[in-house]
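Below you'll find the structure I mean.
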């Protein structure tokens, strides 16, 4: 059935865009990845700092936090630069909080020791799904940063307990479809972002009806799609990491 | 089965807290409601302004937007006042965006005409579930404001197309439970906020695994609970409105 | 003579509005009071923090500071939320500085020990006189917080040295009147806020001629009225405290 | 009696500091005055702008507003530059609001026409009494700006209806004293700022007990002193203006 | 002589790093260039907006303005994200003002018509010379944006009057060297940024002695080097543009 | 040749404006200078603080930093007050960074010990050349502050290693001219600010073509003029310091 609709992208309802994960994309960061979901391109870096936020002082454990940004002309029309406006939008804050929670769900922060892993996800070209691409790429960047800590003997055991990736799903002309690009996203009634682990557990589900509310049945079909998409994304992560 | 666990609150797994909706709580706003979910108390007001944001200029339609705040000592320990810090936290922005989306899902903004409905949800006492109480109370405040516009002949047809309410659910000691208070929320592995309409459609689902990821099966049981809770909340709204 | 004018409120020139002080209004704060001067309603909380500001570090004494806010729709027309605008207005800062000075005038901060009493006054409904209601209610909240410190043995002697309350007076159609509500305030030539102690000393006098400057004689009559009003308010505080 | 105490400044209890008003101090402003109260030196400028704030749009009347600042090293120890901190302190806002109210009390804004008079008071050296010196000097600057408007035929009648000046008084070692310098101010129990017109009316009285509350009798003696001081200041203004 | 020193980079004193200009780097902007000076990589986009700033309203001419940013981990150690800190550093503002001036020097803004060209230079990897790379790349992006306006018939004549590029020079161990990378920059006594046109005119010279002041003779030799470097850069621009 | 043009100011092409340096201008600062370049008047203070910025903690050396501001009506038309707008402009930040670098070029910060010299340059009247007057005056203020530290035995050896001063030059109607006032500055094609030491070394050169780019030959003639001007300014500094 999902084959019969014509998505704007021309993809099958259950098809991801072309996904590419390029490691070592920039040279300074402990982990640096360019992740591409079709025309959506995000630079994800992981930086190690030998300190923890105030609320974790003297607890012996570490922290992982994320920030998100978009180049002003990553989008169809130029957006104001947040640094020039002097504050981050609510959307930016919502996304960076999501990225942080997603990554922390597969981190044993005790094993990280008293240090902070800063994740930066900067969108250089946007075509829908920037938050899901960010999570998927950031995991690989974080993995590389952890590998450096292990190789340098600064930690003994990896704090990473599982894989984690994210994908969007939506209802386009009554049909659930996987991995929305910008055109599809703006025409979908429902938009859902799903974060899952390698073990298949749900870390986060954020579904929003943009127009008509969605039914329990639609939701089940969306989750089926998301699960299949995330399985493929984690496979891509493993290939990128040579795991 | 849900009867066998002992929730911190002593409630049954599928029991809401005592819910109370007091209309006409303050005197200036077009709609003003005190909503109480147990010890969580939120003042929700709806204010009508005869103008629309720039992006809707000359479109003939209206807008609904929401803001959220907490009195500094609404919580166990005093939080910084956001006005004094000079900015709203990411959490605040996330919640007020959610409230706005939830309410707009049952508004036909064309019928509202070129005016804005400002929803303000201010928590005077917090004990978990402030965002779900806010949505549930804000709907009633918005309904009162719309009634005034209708009574004054400023609009001809109500822009409200359905009821909308919200509730939290979570997994406490492996058992799905309804309407988490603060103590339960901090001990739950999974926390999910669900927004639904009177027709039973989903408007928003936000589920987060705080510790162990959750399974598809747990999610289904959480949604069952949420649906039953929201049905009761909408009944409360109807009673409050004398509908 | 003062009986012959017709105030907008219908009150006698020397009559206070109905004053109500409700203790234990919210549950988390060490002191929590709802104070009502007629339709003006303010939640005043007192919170104890076991630290002092930098400038008092290692001095062995405590500090008391106040913050003030208004819910956006506490007023006739909705005001911008200060947290969203990113800064407090000059009016807000002026009021919260006044509240702090007023309370500190009856506190022996040495006896408080190295801790801070945070006073929060949040107006949920405004009808004139929010700053005087705030001071009057905040004293009771502070008293309750101090009582808890004494009961817990955290301080040995109360730092409170006297009562303190505040009232507004103004010149309405050439006649001095007590406790202005919003309608009266906007029609008065002179507006004066007076803060006094239980002993009858002046802590603060702030008089402003909105239109015609006021004479020495008018001022004397305004102060007479204020003294009588504050005597009644302190009586209300005593009753509320069961003193 | 007032002769018997020894003020830190060596002045008699009822003596002003040496007051100097220098007009045309800087060359660009329509009115520019250096006012000196002893070692307190403030540059007061009045600038005319051919527009009014939004809330006065199309009302045909004008506006007068004031801003206040201190050079960082106007004080004994260097203060943070407000422009660098990114916000004005509560004290600054309180003072500039006071200056604006004081000047507006002697302005008929209808006669000013649809333009704004911007008053800027910048303290280049502070030794107590900066707000009273500011008001006293700003009046002269405003007068010069108005004279230019009259001379150019841009207004027909002066909007200035009276003189206005301000002075501080305080209780030093139980004795009321006039025009406190910094040393005296920090040792006074009570500090009162008084703004009066040439006609002898009170525009503003702001009295604060820093330590012991003050009595009605002390207040009366403070106001006597203030009246005599302001009479002298207005004489200085007249001399400076050649009136 | 310049051949005898050993630069940290191993380059000859008068050698540029490998320079690469990639057009059409991202897909949304009217002009989008990745410019690389060795390991320094900057995305430069040019965006056309059909409006002008307030100060040019109704003048019939256009405007060109530039913004600059760095990804937080473009550098050796992670820098704070300016959007999160809520303001741009002085360095950022200085650089973006420089880029704007440099580009405007070769623009006839009257020919651009009432529109704004927004230049965004975002450093994704920094290794010294980010501002000179930005100017050099931004020119090409601006050229592409102008070509689109010409092709679409929105302007009749190109507003671009000449080429413009920029390079840094410095004194390393007493020898003037061209195009400093990060290691060299931090060891140089003098650092000079030079902006020149295709015609060979100077648009901007900014030379700073980091340690020992520089002499007139050194300056002359630095300018010789800069001129030769810029000639090569403009050749690269021409090749990239197929001119 | 330079005699043949008619500058707006009537000065010879190589003539400085009347320069006046008044020490001990305000009483609190360790160094306080009023510097006048014709109608440009800047108050420069140097303040000593017994602490260093975080990045110099425990290095044993000191720091010198500068801030710059303009009174709102120092200029022809009133500018917004930066403190009220809540941020410094890019121009302000650029200038204060320049002043800091210029002064540090003649300071041996090791000899200053673990303290900070805060330079504040506040323009009370602007007529072009405010940054060059600031640097020239700030040197004298810093010298006075250092003299106090030496006299008090808080440092043993002066950290000042040379004189430093600054001047602007420009091309007016094809002729290089010295020390531009506001009228000249706005009509010049090229504007260059030059900072030099007493030894004749260049500390900073910032040249900008406002219209037509400038040639190597023009630049040489500008530097000749600047050198002669700075020689005179340093002579003025010496006279002011009685050196």
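As written, the chain order gives the labels A, B, C, D, E and F, with residue 1 at the start of each chain.
Going forward, contacts are C-beta pairs under 8 Å (C-beta built on N, C-alpha and C of every residue); 3 or more make two chains touch, one makes a residue touch a chain.
For reference, the UniProt names are A, B, C, D, E, F = Ribonuclease PH.
Every value quoted in this text rests on a predicted model; they were computed, and no experiment measured them.
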| item | value |
| --- | --- |
| Steps needed, at fewest, to go from chain C to chain E via touching chains | 3 |
| Number of steps on the shortest touching-chain route linking chain C and chain F | 2 |
| Centroid comparison with chain F (C-alpha atoms), farthest chain | B |
| Longest centre-to-centre distance from chain E, chain (CA-based) | C |
| Fitted rotation between chain A and its twin chain D in degrees, CA, nearest 5 | 180 |
| Distance between chain centroids, defined by C-alpha means - chain D, chain E (Å) | 51 |
| Between chain A and chain B, centroid-to-centroid distance (C-alpha), Å | 28 |
| Chain A: positions in contact with at least two other chains | 86-87 |
| Chain contact graph, described as a line, ring, star, complete graph or other shape | ring |
| Sequence of chains encountered when the ring is traversed from chain A in the direction of chain B | A, B, C, D, F, E |
| Interfacial residue positions of chain C with respect to chain B in the complex | 26-29, 32, 39, 41, 43, 45, 47, 49, 67, 69, 71-78, 81-84, 86-88, 92, 118, 120, 122, 124-126 |
| Chain F-touching residues of chain E, taken from the complex the two chains share | 87, 90-91, 93-94, 96-97, 101, 105, 192, 196-197, 199-209, 212-216, 219, 223 |
